[in-house]
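Okay, so subunit A shows up in both of these, paired with subunit B first and subunit C after.
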Partner chain A sequence: MEIHVDKDACVGCGLCVKDCPMHVYELQNNVSVAVRPNNCMGCLSCHEICPAQALEHRGIYAAKRHYIDIHVCEMLKKVI
Partner chain B sequence: MTAGYVDEMHEAFQTDLVYRSEDVPLECSPKPKDLEQTLHGLMKLNGLVIRSLEEIAGRGANAVTYRAGKKFGHEVAQYFQKRDDVEGALHELSDLLRGQYSFEVWKPEDKDSYIIEENGETFIYLVFHDCIVRQTLRRNGLDQGGPLCQTLFGYVVGAIEEITGRKAKLEIVHTGPNACLKKLVLK
Partner chain C sequence: MSVKIAIEELAGCSGCTIAVLDLHEVLLDVVDKAEIVYSPVIMDVKEPPEGIDIAFVTGAVRNAENQERLEKIRRRAKTLVALGTCACYGGISGLSMLHPNDEIFSYVYREAETVKPDGVIPTDVPPFLYRAFAVGDLTKIDYYITGCPPKEIYLKQIIPALVSGDKLELSRKSVCADCDRKMGPVDNWRLKRRYEGVPDREHCLLGQGYLCLGSVTFGRCAAACPKNNVPCHGCNGPSLDILREPCRDIYSMMVRRIADLTGKPEKEVEKELYDIAHTMYPFTIGSLIMEDKEVSKIRDLVKERSR
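For the complex of A and B:
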């Protein structure tokens, strides 16, 4: 698993550090750094909590998402 | 646990996908066009049953759903081959859960083996990737880790007990939007 933190976007809030159950991140000079990427099991809790959307996971398995309403998807497709 | 089995399991979850926070999922996969109404109806119904059960039974709701799941696990797994090795039992379990749940064995990088012995306990970490319970909870805006998750717990424990003839316990370590980490304790 490769984890990339956008240094310019990260606001150094430390939420990902606190939330990650595998202690993957550390704050270094007010920026989050993925110090233990091999410990990541792909839960994406950090993506959900990061207010700056600064995180990127490469090589992740995206779980099936049947819960996304198909009508909403169709509406989004028209807008995006 | 043999290296071949673990590699085979991991291969199924290895991708080149780049996932960004701003990505908006534009479609469900696989496309459930034909089953959409049924699926959403079922998820809504399940969510409402669980919410009402919690309102009426409080903490007792967990015991009810766990027991229901366990019965289901025993019932379904009785037709599967009996195995006394953990690897074989996990093989049978993933066949049993196919279509509703998918999981792989996992270990932190400082552990040498997938079967971990710690504080007098023997356990295996399982990462659940696809999970119909998680999807139902998110469809209904319900928290993870509550009574509906207990049905999965019961299901896995019931099935493992049926397949191996050994007592087992499943604990939540972490619940996330894309995967959950569970600890399968073997007794």
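For the complex of A and C:
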């Protein structure tokens, strides 16, 4: 699994470390680091809890798990 | 040929139009390529002309006149842009849904300090619609620019790009992504009202007990409030993950984050929160999109208070 942490955005709260069921993350110098990316099962609970939206899992999108309202999709594309 | 720009006003405070004027010298570059043909706030034109290229619409739709004006500007503009949080999510105007119509009329025409002493409620004003709407709930919108008002640093990039038809890549993260405070687990957390004490500048406001909506709010302000020791009110509307995911909502995500930060059970956190309508949804209560989420509290709040 390729996990990207936006170091500028990360606020070092450690919620992803606490929340990840597979212990993928560790805090290093107040920034979250994906130290065990291969453990990741792609549940994206870390996306849900991250206050700064600093996490990105290449190729996995949270929304694919749920039906999303068509109006929401239309609006999402147009927010600048 | 220059691009024709219009700015329409609906139920709002005109602050978004003033935000366009806040472009300062960049405005000169904009009017080099574009012409403002209609804007009731900054010029004396009564009706939008035909053949507008880009129309900005500010404010929510609360009464029949707002709706008529929105439909007219949609017909006359090639591109319609929702400018500001009222247009995008109903904004402050949406809070009017927390009161019955007769209560609002009575306050506006009889109880406010500045009213005429005769206390007559006029009958020739446009009637209210049954609820407030964001403009996107009623018509096709081409772009959304959130913010109350949209901040100058972003408009300086967005408006010239819209006029010249260029593509623009801006951050799509939350307010926390721009905030420089340290966030981390806290003990003995207790909710504080804004007037209690002075927050320390170094640590997360939410961790200090202040209800800061930064983590659930779209980052279009460079975290201006938290950087000046003021908790985020959520004036840019929901962060895009909350907008996108059907199972996420401003209230539920705030409760979850507070619970995770403090180790308190969610139920305990919920007991401490107060006046959900004004603390969690002040800028989004008028949005059908936000209300239609299954987990949203907006429906119940409106039902409970608008009787």
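Some notes on this structure:
Definition applied: the second predicted complex is superposed on the first by the 66 of 80 C-alpha atoms of A that agree within 3 Å, B and C clash if a C-alpha of one lies under 4 Å from a C-alpha of the other, contacts with A are read in each partner's own complex, and residues count from 1 in each chain.
Methods note: contacts are C-beta pairs under 8 Å (C-beta built on N, C-alpha and C of every residue); 3 or more make two chains touch, one makes a residue touch a chain.
As the structure is a computational prediction, the values presented were derived from the model and not from experiment.
Contact with subunit B, but none with subunit C, is seen for A:Glu56 once the two complexes are overlaid on the shared chain. Contacts of A:His47 after superposition: both subunit B and subunit C are touched. Shared-chain residue A:Asn39: touches subunit B; no touch with subunit C. Shared-chain residue A:Asn30: touches subunit C; no touch with subunit B. By the touch criterion stated above, A:Val11 is placed in contact with subunit C alone, subunit B being left untouched. In the superposition on chain A, A:Leu76 contacts both subunit B and subunit C. When the two complexes are superposed on chain A, the residues of subunit A that touch both subunit B and subunit C are 47-48, 53-54, 62-63, 66-69, 76, 80.
Listed in rising order, the residues of subunit A touching subunit C in the complex are 6, 8-9, 11-15, 18-19, 30, 47-49, 51-54, 62-63, 66-69, 71-72, 75-76, 78-80. The residues of subunit C lying in touch with subunit A in their complex are 88, 136, 141-146, 158, 168, 170, 172-174, 176-179, 181-185, 204, 214-215, 218, 239-241, 243-248, 253, 256-257, 260-261, 288-289, 292.
Residues 21-22, 36, 38-39, 41-45, 47-48, 50, 53-70, 73, 76-77, 80 of subunit A touch subunit B in their complex. Interface residues of subunit B facing subunit A in the complex, by the touch rule stated above, are 13-22, 24-30, 32-33, 36, 39-40, 43, 106, 108-109, 127, 129-132, 134-136, 138-139, 173-181.
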